[in-house]
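The next part holds the structures, each set out as C-alpha cells.
Look for chain A in each of the two complexes below; its partner is chain B in the first and chain C in the second.
Take a look at the complex of A and B:
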C-alpha cells in the first residue's frame, strides 16, 4: 500500500468497528468546526463585499473611458478623465484649492475659539458649565438643513452669501461642536499636579499654560483640528445654501458632476475626498488616546 | 458665535414658520400647506430614519458582539480592520458610491449575475427608499460599532467569563450580560445617528431622485424653486420636533437611570 492510511477508503469503513462511538464524534466535531470556519469565511467575504463593493465601483468608474450596458465591466479603460481633472486650468483644481483654503481658515477660526473655551470648560469653575457644553452641542442636535436655509437668508442680507467668509463661518460653527468638546476633554486629561508644580517653582499662569498645559493637551487639540479640517472639506449642505453660486468646493463639484451624469468626474472627485478621510480613520487612535476619549462629554 | 450662527437663525426659522405672510400675525397657515403638500414625505422620512436606526443598531450589536465574544482570533482581527472603513467617508461620497453600486447595472447586480446567483432579467435598481436605507446603514454602522465595541471592551470580563462558565451560550451572554451594561452607549450612538440621518441632504437627493423623498430635499426644493421660506421653515420645525422627540426619549431614559443609581 503506497497511499497513506487515512486516505484509503477501507480505513474510513473500518473506523466504527475499530473504536466504536469515539471516532465518529471526533469526525463530527472536526467537520462541524470546518463548517463553522467556512461559514465565518463566507460571512466575512459578504461583509467585505458590501463594505468595499461601493468603493470598488467608484474606482472602476474613475478609470472607465467608456462603460455602458450590457457590459459588466468598463469597455475601455484610461486615465483621460484624470488628466481632465488635474489639468491646472480645470474646475477641479480650482475647487480643490477653494476647499483646502476654506478648510484651513475654518481650522484657524475653530482653534481660536476652542482652545480658550476648552480650557475654561475643563479647568475653571464656571457657573453655567453644563449649559455651555450643551450650547456647543446644540447645532449637532438639530436638523441642520433648516438652520442653514435661515443662515443663508441672514447672510444674504449681510452680503455674505457666495463669499469665502460666509462659508468659513458656517463651517466653523459646525466644526466647533467637535473641537470644543475634544479640546475640553484634552485639557481635562492633563494632570493638574504638573501645572501646580510649575506654579510652585515660580512660573506665571500664562507661562504655565503655554509650556505645560498646552503641549500636554496638544495631541487632543491636533485631533480636533484634523477633525474640523475634514468636516469642512466634506461639508456639503451648508455650502450648498450659503456658497452658491460663486464658491464651488469639491463636494459641490462632485454633486454637480454626478447630477449631470458625468460619473467619471464625480468618481474622481469622490476619490480625492476619500483619501484624507481614510488616512484619518487609520491614524485617529494615535491622536485620540483612550484617556482623552473617556473624558469626552464629561 | 454659536449664538449668531445658530440661535439667531433658529429663532428666525421659528418666527417665519409661525407667521402669516399677509398679515404678519401668528398663524399656522404654513403648517397647513406643509401638511397638505408633504404629509407623505413626513411619513416617508420617519420610516426611512427609524428603519435605518434599527438596522444600524442590529448590525452594530452583531459586529461588536463578535469582536468582544468571538473565540476565533483571525475573525476578530479581520473584522476589526474591516468595519471602520466607512467611518469618516463623507455622506456625499457614500451617496456617489451607492449611486453606481446599487444601480440596475451597478456592480452589485453584476456581481450577483456573474456568480450565477441571479438572472440578468431579475436585476432591479435599488435606487429608491432601499438605497437611502442601505447608504445610511453603511455609513452609520462603523460609528455606532466603534462606540459600542469600546464600551464592551471596558466592561468587566469576569462577568462574561462567569456567564460562560455557567454554561450560557455566547448569544445569551451577549443579550443578557453584555448588552444591558452598554445600553447607555448604544442609545447615545443611535440618537446621534438618528439626528444625523434626519439632516442629510445629499444622500436622498443623489440616491433617490423621485417622489416620495425626505424632508431635507423638500426644504431645499421650496427654497431654490419658489423662495418659499414659510413652508420650508414649517417643514424645518417638523424636523426639529422629530429630533426633539428622540432627544426627549434619551433624556427621560437618562433621568430614570440616574434616579435608580
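Take a look at the complex of A and C:
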C-alpha cells in the first residue's frame, strides 16, 4: 500500500565540447549515457505498469456491466453497480460504516496504550526495554492464521466473537506495533532540555507532559494513529476469524463479492478502500519527520 | 535563625555519580545573595553537572544543597524556585514568544491580561518589544537566547542559573549579551551562577570565579586573585599562563636566588618554594630586551625570534631558547632571527615545585 512515488528520469548531462582526439571516447560515453537513460525509461514504464495496471483493471471492472470471453474489453459500460453499492440500503454502505467505526475505535484503544507505553519506553530507564519492544512486535512475527484461530477460540470462551469489541481488540493488538514503536520514537525525539526548562520554572511532571512533551510529540503520534487506522481498515484475517458472521467490514464484503464472482462489486469496494489510504499517506508524509523516523526501534 | 545572613546557595560536600563513575568528588561552595559567580573549567570537569544538580535535574549521591538555609537535595526541580538558561536555548518551538516568556506566569495562575503586560515589560527590558506573537523558530540566535533570558526572568527568580548560554552565539552578540545579563543582574539583584569554559566571559561577568578541575574545586577567588595568584599549575595554565620553564630556587641572604639552566639569575625577597620549580607565565608578562641586559628582579634568557604575528595593537613573537619555544607579546617591532633576551620579571612568574606540576597540565 504505497503511494505512487514518481521520480523524473535523470537527464543526460551535457557533454563538454570535444576536441578531435577525444572523439571516440566521448562517443562511447554518449552512447553509454543514452543506453542508461533508455534503461531508466523502461524501468519506470514497468514500474508504472505494475502500479497502475491493476488499478486500471479495477476501474474498468467497476464500470463494466457485461464482460465475458472472448472479448478483451467490456461489452456494455454503465454505472449500475456503483448505484448498487451506494444505495443507502446496500450492504456496501453498511459495511463501510462498520469498517470506519471499528477503525476509529481501534485508533482510540491503540493510543490509550501507546502514549503511556511510548513515553515510558523513550524516557524511563526500563529493565527489559528491548524485550518489551519485541513483545509488541510478536503479533506480526507469527503466521496470522495460526494466531487468529487461537484468538478466536479464546474470544469465543469470553463471548467476544461476533462483536465489534472483539474485532477492535484484534485490530488494536495488530496495530500496537506501529503505534508503540512510532510513539516511542516521537517521544525520544523531544529534546530533554525542553522538558527540564519547564520543570525548572515550576511545572509539575504531569503539566510538563501535557504542555510540552505531548504537543511536541503529537505529529509522530498522529502518524502512528493514521497507520493504525489504515491497518484496521484493511485488516481481513482477524476480522474473518473473530467477527464473522455478525460483523461485516469492507474487506469481508470484498472477499464475499469476489468469491461469488461479482467482480464489479469487488472492484468498487477495493477502490473505496484505496481512497483513505492514498489520502492518509499524503498526510503522513507531512507529519513524520526525519528526526522521528531515525529513532524508530531504538 | 541567628540573624546572620544565610548564603543564597550553599553546597556542602556534594557528590554526584553517573553509574559507577564519580563526577563530583565532594564540592563545597557558598554563594551570597546577589552575587555573580562563574564556574570555569574545561569540558568534562563536572561544572555542568554541578549546575544541573543544583537545579535538581541530577540526583546527588552525597552532600547537601541549601538555598537560603532550606535543604533541597530531595526537592524536585519545580519546587526549588530557580530559573535557568540553557546552551541550547531550550525554547518551546510550538509556542510563540509570548507563550514561552509567559509560561511560568501561566503556571502561577496569573490572569491573562497581566501576563500580557508583564511579558511586554520583560520584552521591553530585553529590546524585544513587539515580538510577542512571533514563533520562536523565526528568531535569530541572539534573539532566541534573549527570549530564554526573558522566560527565566519573567518569574522573578531569586537565583538564575546559566548553563553556557552564550557559547552558541557569534562573538559580537555574545559580548553584547554578556553586558546585558550583567546589568540586568545589577538592576534586579538576583543571584547568578554561570557555567562557562570561556575565561574572558567568566572574568568580565563574575564577582567571583570558581575554577574546577576533574570534579573538584581548584580555586575560588575574585577574577583578579585567580588571574594573578593561581593556586595550582592547572589554574595558572587555565588562566592563560601557558609558557613554562624550569628554574632552581636557592636561599640567599634575606631572600632567595632564582637561577635558570643557562646560569642567568635574579634575586627575590617574596616567599617562593625552594628547590626545583616550574615557572608559569603569560605571554604579556614576558618582554623582549637586549640579550646582554641586566635588569633587577628579572631573568634575561638569550634566544632567537622565530615567528612574528600581529594580532592588533601589539606583536606576538615566538622565541626559541635552546629547543624550547616561548610565546611573548611586545609593543615594538623586531626583525626575525634576531638574537634577543627574553625578560621574565620574577614577581610576575607563578612558581610551583616541579613535583607538583607533574601530570597536572591539561588546560
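By definition in this document, the second predicted complex is superposed on the first by the 255 of 298 C-alpha atoms of A that agree within 3 Å, B and C clash if a C-alpha of one lies under 4 Å from a C-alpha of the other, contacts with A are read in each partner's own complex, and residues count from 1 in each chain.
One rule holds for everything that comes next: contacts are C-beta pairs under 8 Å (C-beta built on N, C-alpha and C of every residue); 3 or more make two chains touch, one makes a residue touch a chain.
Keep in mind that this is a model prediction, so the values were computed, not measured.
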item: Simultaneous placement of chain C and chain B on chain A, clash or fit; value: fit
item: First (chain B), second (chain C), both or neither touched by A:172; value: first
item: Touched partner set for A:212, first chain B, second chain C, both or neither; value: second
item: First (chain B), second (chain C), both or neither touched by A:202; value: second
item: Which of chain B and chain C A:125 touches, first, second, both or neither; value: neither
item: Larger contact residue set on chain A - chain B or chain C; value: B
item: First, second, both or neither for A:193, with chain B first and chain C second; value: second
item: Partner chain(s) touched by A:53 [first = chain B, second = chain C, both, neither]; value: first
item: Partner chain(s) touched by A:153 [first = chain B, second = chain C, both, neither]; value: first
item: Overlay on shared chain A, then closest C-alpha pair between chain B and chain C (Å); value: 24
item: Chain A positions touched by chain B in one structure and by chain C in the second; value: none
item: Chain B - residues contacting chain A, complex; value: 1-2, 5-10, 12-13, 16, 72, 75, 78-79, 82-94, 96-102, 105-108, 110-111, 113-114, 120, 138, 150, 192, 195, 198-202, 205-206, 215-216, 219-220, 223, 229, 232-233, 235-237, 239-240, 242-243, 247
item: Chain A partner contacts - residues on chain C that touch it in the complex; value: 55-57, 76-79, 81-84, 86, 88, 90-94, 103-104, 107-108, 148, 151-152, 155, 157
item: Contact set on chain A toward chain C in their complex; value: 191, 193-194, 196-205, 207, 211-212, 215-216
item: Footprint of chain B on chain A - complex, ascending; value: 37, 40, 44, 47-58, 60-61, 69-70, 72-73, 113, 135-136, 138-154, 169-170, 172-173, 176, 230, 233-234, 236-237, 240-241, 251, 254-255, 258-259, 263, 266-267, 270, 273-274, 277-278, 280-281, 293
